[in-house]
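Dropping the structures in below, format is structure tokens.
The same chain A turns up in both complexes below, where it pairs with chain B and then with chain C.
On to the complex of A and B.
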């Protein structure tokens, strides 16, 4: 199997409101930085480009097409888009490279969630006949999931607050984080509930921003002469859209994806998990069987800043950063999509 | 056999979503000038093309376009079509002309209406000028210009369309 290298990762700050910027203005600075990391002029210097975004977020039809204006697409380039988190754009790009159709790819994701009411907007991704017309929002669905776990004795509210406290404190070392700080579990538990049993701190912030990654063949990485990490496995699995048919206290699809991606073939030093809600980090950690010797979400995770359509890609980028800096030798990155962790992707990243 | 059921071929599920939409930094600067009756563009630092209206980037080079350029409200017809069918909710009576116009000082065209012209005589290279609404009606909108109308100036040869300086033929 063709080995794929990650050679660059950049992310904007997660901000609660990116002001008047349009999608091009949001994307361009982060693309400039990711090109500069490898020494490339623009998208003409890679063989393939794939992006992830969702026009519902900012309420602008064909916003993803406007994003192409940031690339330098004259003469025409090979370009594709997924209406998903850009982690899946990376997946598509890997297939492109493995099929021999490209040696390198730029992958980027962007989300401007501030213009709309995000939890309500996301209700429209539910099944269109029964759930979407009821406008069931993402926070309420996550709250029902947390309620199941609490009532079955699988977690306590203190466990959830511990996830938040660790996220806030880890995020102190993440310059792009939106929420960080030293806050104790007791202080968190003293806050009132928001959508019971969730407190506001159990939910991700609404964030605007973008991230970008460049991947390529190992030969190309060596030719460019930049530090790189290897993607040794990647897989994604999806569960039924019918929430009643799923065991919401577990994440079977994450576990299956990790098995196929080969997570168990070595030690996992670091795991970046896309857990938008505190109890979901516990579900994922258990589904993956991660122990004390795995550092979970050293960046603070998405509780510290949740770039819809980009944070899944950023999880891969965060693991890449820790491997190229020497902090870790092997890690996994997880991305999710859909309500209550419906669709999950696991990437295994190793030092070269 | 069970009773025959009516086939359901559709359900009503209207979507209401509210957004605080922003045009973007570059379009906001452009619209602020349009409110004052001035057309502006932005120049690419790479290929030096001037875009109107600007989006904040050169779509060809992928570079931020920060240099702002004041344009003329005289323009050249780059292409056009005669619309003969009524468009729902469009108050303009057909037949009317939609044209790709390059304002002097810009290299890239925008689309606007043409009027006060003989439709059959409209042609590529024709010189036109904006007819603005009364100043008290100006807003952050392109329809501050009602339409463009022909002016008595020589045609621009096809290979020069998109290269006229802001001073037009007077250069």
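On to the complex of A and C.
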């Protein structure tokens, strides 16, 4: 399969409230930075553009249409959109490059979650006849998943707190993080539970922001003369929507995706996992069989800042940064969608 | 170079105002099962599912692919959800095709749907937004002034839209799946129907439908083994432009012209009226037929309406380039599926499998969809031969 290069990644700061900033204003600065990273003028300099966003975050049909205003799409451009995390927009863009209809693509994701009550909004992602009318929010679903794991003795609350403590401390080195700091496991455990057994610190913050990536053929990356990393594999798999039909303590689809993406073909130096809740990082780490020699979520992960519809793309960007900076030679990025890790995407990124 | 791919199975539901007998999952599964049956395949033969629909607010389900995976036999497989406004049905077919054309998959299922009876599309399209002008008019109100401008420029007679409304309904009467069945419709009846958004009368507008459309797209080697003739994908193109910019021609958008030029170039088409045998084009409001005839290069600027009035686009009048033999969007409009229905109906024509609305000997057909403020375009050309 044709190798594809990542040449640029930029992300806004994760902020709890972007104020009166609209989506175009959220996107434009990050696009400017990602174009500058390669030396491009604007979206006219890439062959394809694909974005990921969710109408319900903004409360508008066709919310992504405004995003086109951030692109300078005159003359018209080749452009598409997924109502998913932008990691899947990157997937679509890779197909476009592989079929020879583009040599380069701009991929971006954005979300302004602050105006609504995100966990409640996302309850409307559930089966509209049997589950959505109960308005079960995402935190409650995750709490049930964590409870299942605790009751089966698969994790302890201390294990969960250790994930959070590491996230906060790793995030000290991430200028875009929303939550960071040195906080001990005991301090975390001393906090009250929020939706038992989850403490607030086990849950991701609600964040506003955007991120963007530019990918291209290896030949194009060489021509542009910028540092690049290689996407050597990518795959995604979905599982049943019916929570009772899945083993919620495992992530079968993550393992399947990693297998198809070729994760096992080499050592994994770094893994950026889209684990919105602390116990989910443990599920994913175990599902992928990651050991002590893999650095997990050096950016702090989404517990340090969760840009809905962009966090999955940002995971890929974070691994790209580790590789181009020389900190790692090979890594994986994971993205998720749906309740309790229903749908998962794994990307393998390697040094050029 | 893209790998060759073809449509090997097509399935649709009967389009109607309200499918109260099935859930959303039941609706998409019905179309998908029909497509698999048409292709002589089973769920296990499908490697990935690509699903599309218009805004989630139409049914009130966020990212419904999460919920629909079970109904579409997708568990353990990749599932991608496309959303590009009204052009989404077409874009979804193109994204599905790219799964095969890229060499990544051998055979995929694509489904587009809308169950508009679950919600109120007019409301969903008109939610007020901060910092934006509030349009409270829905799609017809948005497009009516653009149609007025076309009438002014082209000096077309007032009844061109009426003629399109009649022609497409007569086509739809040949298609048992079409929502509106009006075999006895007359010009007078359309003219007498009440004015909705001047100059658009009630019968010059599309209905609101429940429905789903599905296709199986396969690689060259698998398509050659399929029991029914494949529709070979000869060209694919998408274009987008902003809703508003200085100098934008809303009557004949540049994005539409560029998209058509791109897809024609891939398919080796130099004169679309001569080279194509028929076209399924997104015409939700009657006047968009003459407007798109010009935008897509079937007629010189200002003269699209002449083709319509001469009967060139009519199956019943023996026209040389039938447009929307299925009855088009004017007969059936489950919004998110409407684009894919155009793409699928174009494929049915070149497979020689379009029943009573078959264009005799059709070998090359255009499928077209547009969306947003006539700013998103997706098109494909399918043929009975590989090249």
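Operating definition for what follows: the second predicted complex is superposed on the first by the 352 of 352 C-alpha atoms of A that agree within 3 Å, B and C clash if a C-alpha of one lies under 4 Å from a C-alpha of the other, contacts with A are read in each partner's own complex, and residues count from 1 in each chain.
Throughout what follows, a residue touches a chain if its C-beta (ideal position, glycine included) is under 8 Å from a C-beta of that chain, and two chains touch if they have at least 3 such contacts.
Just so you know, these numbers come straight off a predicted model, no measurement behind them.
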Partner chain in contact with A:101 - chain B first, chain C second, else both or neither: second
Touching partner for A:60 - first (chain B), second (chain C), both, neither: both
Touching partner for A:22 - first (chain B), second (chain C), both, neither: both
Of chain B and chain C, the chain that contacts the larger number of chain A residues: C
First (chain B), second (chain C), both or neither touched by A:339: second
Partner chain(s) touched by A:256 [first = chain B, second = chain C, both, neither]: second
Touched partner set for A:132, first chain B, second chain C, both or neither: both
Chain B versus chain C as contact partner of A:235, first or second or both or neither: second
First (chain B), second (chain C), both or neither touched by A:81: second
Chain B and chain C contact sites that coincide on chain A, given as residue numbers: 20, 22, 56, 58-60, 66, 68-69, 71, 73-74, 121, 124, 128-129, 132
Residue numbers on chain C that touch chain A, as the complex places them: 1-3, 23-24, 54-70, 74-85, 91, 95, 98-99, 101-104, 118, 124-125, 127, 129-132, 236-243, 245, 248, 253-255, 258-259, 372-373, 375-376
Of chain B, residues touching chain A in the complex: 11, 13, 15, 17-28, 55-64
Residue ranges of chain A touching chain C (in the complex, touch as defined): 1, 20, 22, 49, 54-56, 58-62, 64-66, 68-69, 71, 73-84, 88, 91-92, 94-96, 98-101, 121-122, 124-129, 132, 235-242, 252-253, 256, 337-339, 342-343
List of chain A residues in touch with chain B within their complex: 19-25, 28, 31, 42-43, 56, 58-60, 66, 68-74, 114-117, 120-121, 124, 128-129, 132-133
